[in-house]
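Down below are the structures I want you to see.
First subunit A sits with subunit B, and in the next complex the same chain sits with subunit C.
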Partner chain A sequence: MKVSVLQENLAKGLGIVSRAVSPRSTLPVLANVLVATDEGRLRLSATNLELGITCWIGAKIEEEGSTTVPSRTFSDLINTLPNEQIDMDLNVRSQSLHVNSATSNTDIKCIDAQEFPPMPAYELDGGMELNVSDLKEMIRQVAFAASTDEARPVLTGVLITVEDGELTMAAADGFRLSVRTADLSNGNSPSVHAVVPARALSELARIAGDGDETVTMVLPPGRGQVVFRLPDIELTSQLIEGNFPEYEQIIPNGSKTRTVVATDAFLKACKQAEIFAREGSLIARLNITPGDDMQPGAIEISAQSEETGSNETVVDATIEGDPVLIAFNVRFLREVLDVVETPNVALETTASAAPGMIRPLGEDGFLHVIMPMHLGN
Partner chain B sequence: MPIQILPDEVASQIAAGEVVERPASVVKELVENSLDAGASYISITIEGAGQKLIEVADDGVGISPDQLELALSRHATSKLHNAADLQHIATLGFRGEALASIASVSRFSIVSRPKDSEAGAQLQVDGGEAGTLEPIGAPAGTVVRVEDLFYNVPARRKFLKKDATERRQIDALVTRYALAYPNVRFQLRQENRSSLQTSGNGDAREVLAALYGADIARQMLEVNADYDEVKLTGFISPTGVTRGNRREITFFVNGRWVQDYTLTAALVQAYHTMLMVGRYPVAVVFLQVDPELVDVNVHPAKSEVRFQQRDQIFSSVQRATRRALLAYTPVPTMDFNAQTRWTPAEPQTYQQRTVGPAWDMAGEASGEEQDQEETTETQTPLPRSDVPLLRLVGQVGSAYLVAEGPDGLYLIDQHAAHERVLFERFMQQLKEQVNAIPSQALLEPVTVELSSQETRLLEDQLSVMQSLGFGVEPFGPDTFILRAMPALLLGSDPMEALRVVIEDFEEDETPLQDQIEAKVIARVCKRAAVKAGQNLSQEEQRALLRDLENSKSPRTCPHGRPTMIHLSIDLLEGQFGRKGAR
Partner chain C sequence: MDNPQPPYRKIIHLDLDAFYCAVEELLDPSLKGKPFAVGGSPTGRGVVTSCSYPARAFGVHSAMPMARAVQVCKELVIVRGSRDEYSRRSRQVMKVLRQATPLVEQISIDEAFLDVTDNEKLASAVAKELQARILDETGLPNSLGVATNKLIAKVASDVGKKAGDGKDYPNAIQVVPPGREAEFLAPLPTKALWGVGPKTAARLAELGIRTIGDIASWPQDDLRRRFGQHGGDLARRAKGIDTRPVSTSRETKSVSQEITFREDISDETELKQALRKQAERVAKALAYKDLKGKTVKIKLRWPDFTTLTRQTTLAAPTDEAEIIYKTGLQLMNANRKPGQAVRLIGVGVSNLEKPGKQLTLWDVAEYKKEAQLEIAVKEIQKKFGEDAIKQGKE
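Let's look at the complex of A and B:
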């Protein structure tokens, strides 16, 4: 293999794929990045067997070939090189990669590309297309609610369903549920029901650009995998097997009290309460009082701790329905308010022991359910 | 005093003491008789935890009226004829003592009709004194009623455990026989409610489900091995299903439930390195051994046996278990275990090896510390903490924190320290919030299937569990629904947390009600605390130190082990020879 690339492109590509490298794996080759010539471009791939990322960069190819280069060494070296052309030449017999920049000459010991797990190329026909910025927002609103506890693997994933031209993402960790739906641009996609690791989606959101690009999602039949394809990047992830909870049943039908409040003020109040709640069980009490002719309705958010002290914040709100006193894990509340994009948000509650629901005002596609906490019986 | 031969009734009461220790032993003897009689249906009715009534009815061969009186005299048996027969006992009973012994310590009645005779007969025995034989119409088989057990032996009655415990013993016993004889239909009714019912269709897994819940029964691995000296069948748990004690390891030798430590040890050894220290498998293993090679005549209760080829039996059990484990355990599960099941190194031996006698352990006064811990609950204004402000130096071996205080070096066991911190938070909440611990509702309630034994344990302590933040309610027979868990345990599996607590009930048979909360909490905290082997970030390490400083008795974990070792500056200087030898 003999190729020339621009330092800037190579550094960027390595930055993208290195997130899938598993440095502490028992399989040494997984700590490496596959570097291969591919139809006039250079392909960089890394995988930890669950998540694989491939990135193509422009290159001048003099001689076809491939090898795997230790990720850390390679990235660290390339990042220090000047932004100029880099020539790379592989000695196939010794698997030694000669990296030549304007000022330096380096030899890196590599592992034969044969040992790298095969990363099959999938047909992208029939995949569904999504706008990148929409997808990133969906992931942001859903992935945080997935569990990090490996005891129930299916809850560490995000359920992706496609039906009737509508895409839904849902995640739940046993105490809260986040659901986001969006219309698909290409109407008649095949229906999909798959659980994708939340981590893979977060990585996707990280490496996807900002602009108006489209991302294609494909589930190759019978492979237990999902592939996301961006213009020069492909991310492949294993799906999680198991039955995702039937979340539709968890979403409450209707509520007795609907509280509309400014997202920002509510979020700030929760952040304050969290400072005092974090010593204990993160419990914060919400006292929701509807207004009358004399004064507007209000939510009083309070938290206290033996160690730190106590905090109480009142936020004005428009409240329809009965007064209610309910307690939530304030971190859950803060995390969902963090991803609400609209200026106002509705909190729907029924009783102190019934689930609470958060919906951004004017954005029908997103809803979040939080189970309440309570004190004794 | 002149020497005299004891009157017959005294002699039989003494003998009864060996066979009939508690209600469960009566049930055992009677059920074994029924099994020996070739019954296909055995119904057991218990009232007053066996002290009021034990009734065992079967459809076995029955005893003909003319033999009934004989059956009740001592050393009368149909199962053995001469001493040579003892060499190859194939029946469960053989000593001919059981009925006589039971009859001597209770109000006893027996009704029996052999299949081929027209009428049955009834015989009543009251404290060993036989009444008259009366003919009576009865279904084929035998019904034995034992009422007012130990009514004439008050000393024995005094030593019986709580009713719940006795009931549990009976439950455990009958279920084990049901397992060993899946072809026999068993029915156990305790205090007018059905506690076990098997169909007798020969499916042992079905009985397993009754014993451990359907969930675990499904996961159990089958053992099936045929060696020269022994044939093994049964079920063992995969590495993911464990208990905190060896009690759920059950062995049957030729259909007889035995308690044999070597067999248990062999089985546990087969799991070596696959289970965390202090965790044991669940297993039910049946051994078929040539009756000539095993001596069951060791003790009247017959729960002990002697093997002629002990070593071979031992290694067979181990081999068969290991093979079943390796064959069935799927690789991903093992990988998972390898990552999460960390076997702790042995810090104590390490310490003994390198630490000279001069080293002073801060935790050595653990007895004193414990006293202090107990009084802490009552004296409120205690001077905060006897641990000075600590500066974190780092973590050692993913298990200990190293910190510096004004008076030297502190080594802190991260697990014990976290346990202490969690425990005090729990207790604090319990006190502060007037018996209410914040609980977090679950998005989806989980149903938990338990065995009837566990059900009874949990039912007894339901209100304690609720006040600790477990939103658990009965949900059908032997099933509970868990709607909420203590908020402090967020991040651990709710079902796992509940099971740990139930196991704790099992281990402590009679905890005092006012201590039970503290005990349960200690147990839960132990499970929820960070483990040795877990890498903590600097942030987490610092937080742990800070929390420990704020604890009321920071020097011991809730179970009394030390959380820290203090090495004073003086001591360090002495050890380095800067200040003369100490």
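Let's look at the complex of A and C:
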């Protein structure tokens, strides 16, 4: 293999695929990045056997070939090179990659590409086309609610369903549930029901560019995998087996108290409360009092800690229904308010031990359910 | 963890010497060198809470009735005690300890364990520094026991204190080197061991077991046969074995209050009043600690000093004075003959939990039940007024 690439392109490509590298695997080759010529371009791939990322970069190819390069060494080296042309020449017999820049000569010991797990190429026909910025927003609004506890693997995933021209993502860690739906532009998509690791989706959101690109999602039948294809990037993830909980049952149908509040003010109040709540169980009390003719309604958010002190913030709100005192894990509240894009948000509650629901005002596609914390009465 | 751990732990037990008296001397230096005692009045049923070393020389000891104390030591000065000041000084001491290591387990106002295993210095050197710093920063004399576990460290500080001449604050440091635990314990009387109270000591003495060494050499199976599980524990402790860690967050297991009457009380109304007052105090303490408890217990002491405790478990945890009082009253009525005189009454709540448990999405059935009840109550209150229906606690 003999190729020339621009330092900038190679560094960017390595930055994208390196997140799938598995540096401490028992398989040494998984700590490497596959570098291969591929139809006039250079293909970079990394996988940890659950998540695989491939990226194609422009290159001048003099001689076809492939090898696997230790990811850390390769990235660290390339990142220090000047933004100029880099020539790479593989000695096939010794599997030594000669990297030649304007000022430096390097030889890196590689592992034969034969040892790299095969990364099958799938047909993208029949895939679903999604707008990248829409998809990124969906992931941002849902993936954080997935569990990080490996004890229940299915909850570490995001349930993706496609039905009747509508795409839904849902994640629940047992204490909260985030659901986001979006209409699909191509209405006749096949129905889908798959649990994708939240981590894979977060990586997808990270590597996907901004703007109006499209991403194609494919679930090759019988493979237990999902493939997301962007221009020049492909991310493949194993699906999580198991039944995702029937979350529709958890979503409250109706509420006793509806509190509409400015998202920003509510978020700031929660951030303040968290400073004091984080010393303990993260509990923040929300005292929701409807207004009358004389004064507007208000949520009083309070938290206290034996060590640091206490905090109380009052946020004006439009409240319909009964007063209610309810306690939440304030980190959960803050995390959902962080991903609400609308200026106003509704908090719907029924009782202090019943789930609370957050809905952005004027954005029907997103809802978030948080279980309260027991006030202990 | 790259640093190799020593094969043994380094545990320090700190005990402030005659803590209350030391504080009183700091507040009123004229007390220095005098026999004095902190405690209640000698005319009632006051007891000695703490006494100075000069007072001890006369035979005064803590828990002794004050009336008796003034008999054995005519010039005894009685000090009422300043609880707030004790707490404040205790916090200062604990702060000094926490600067040495975060692994501090405070076991009472004047005692704590420290785990200094990770400190590269010799444990005895750490102890010396601590002793000096506490004396320097708080003015409080203190004794330390240094060993490889909590049991030995605690016994060591006791032994160190007793080794002094008894005339002044001992300011002792007693070190038990690793591997010498059993040897250190062997000559000590059985009652020096944790878990050996007067009753166990007496039963051991019947067997001819007088020292901890005697316990250690007694067949373990026989101890277990005679004392059950406790026998096994005794055998292990007698050999100086104790694996319990220094636990930094000491959870409150129960909250209780009790009062010894100035004179025995048989009047129903007065007893109820006393019980209510104790219940209110317990409720207040629970609220302060943000705790609720499910088990209510009472303690009654009759004029002949026999004591009984009875407890019952509630359907739901509470911190309400009224519930604690009513439950306590039921227990008292069930265990006290009408007109029977009472010397001490106490009430407590245990089986504690912190409110603020995170509910889960899968508790659907649970929360629906509870939520529906709450909604129903609110609906009724809305229609018929707040007083129409109340939850039992209100």
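Just so we're on the same page, the second predicted complex is superposed on the first by the 376 of 377 C-alpha atoms of A that agree within 3 Å, B and C clash if a C-alpha of one lies under 4 Å from a C-alpha of the other, contacts with A are read in each partner's own complex, and residues count from 1 in each chain.
By our rule, a residue touches a chain if its C-beta (ideal position, glycine included) is under 8 Å from a C-beta of that chain, and two chains touch if they have at least 3 such contacts.
It should be emphasised that the depicted structure is a prediction, and the values quoted were computed from it without experimental measurement.
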Record, for the superposition on subunit A, whether partners subunit B and subunit C clash or fit.
-> clash
Touching A:283, do we find subunit B (first), subunit C (second), both, or neither?
-> both
Partner chain(s) touched by A:152 [first = subunit B, second = subunit C, both, neither] = first
Touching A:307, do we find subunit B (first), subunit C (second), both, or neither?
-> first
So, A:262: does it touch subunit B (first), subunit C (second), both, or neither?
-> neither
Which of subunit B and subunit C A:350 touches, first, second, both or neither | second
Answer with first, second, both or neither: which of subunit B and subunit C does A:375 touch in the superposed model?
-> both
Considering only the stretches 222-230, 420-428, 474-482 or 492-500 of subunit B, report the one that runs into subunit C.
-> 420-428
Both partners, subunit B and subunit C, contact subunit A at residues 172, 174-177, 245, 250, 280-281, 283, 327, 329, 353, 355, 369, 371-377
So, in the complex, the side of subunit A touching subunit B is made of residues 148-152, 172-177, 245, 250, 280-283, 306-307, 327, 329, 353, 355, 369, 371-377
Report the residues of subunit A in contact with subunit C in the complex, numbered from low to high.
-> 172, 174-177, 245, 247, 249-250, 256, 280-281, 283, 322, 327, 329, 350-355, 369, 371-377
Tell me, which parts of subunit C touch subunit A in their complex?
-> 292, 317, 353-364, 367-368, 370-371, 374-375, 378, 391, 393
Which residues of subunit B touch subunit A in their complex?
-> 336, 340, 425, 428-429, 432-444, 466-467, 484, 487-488, 490-494, 496, 550
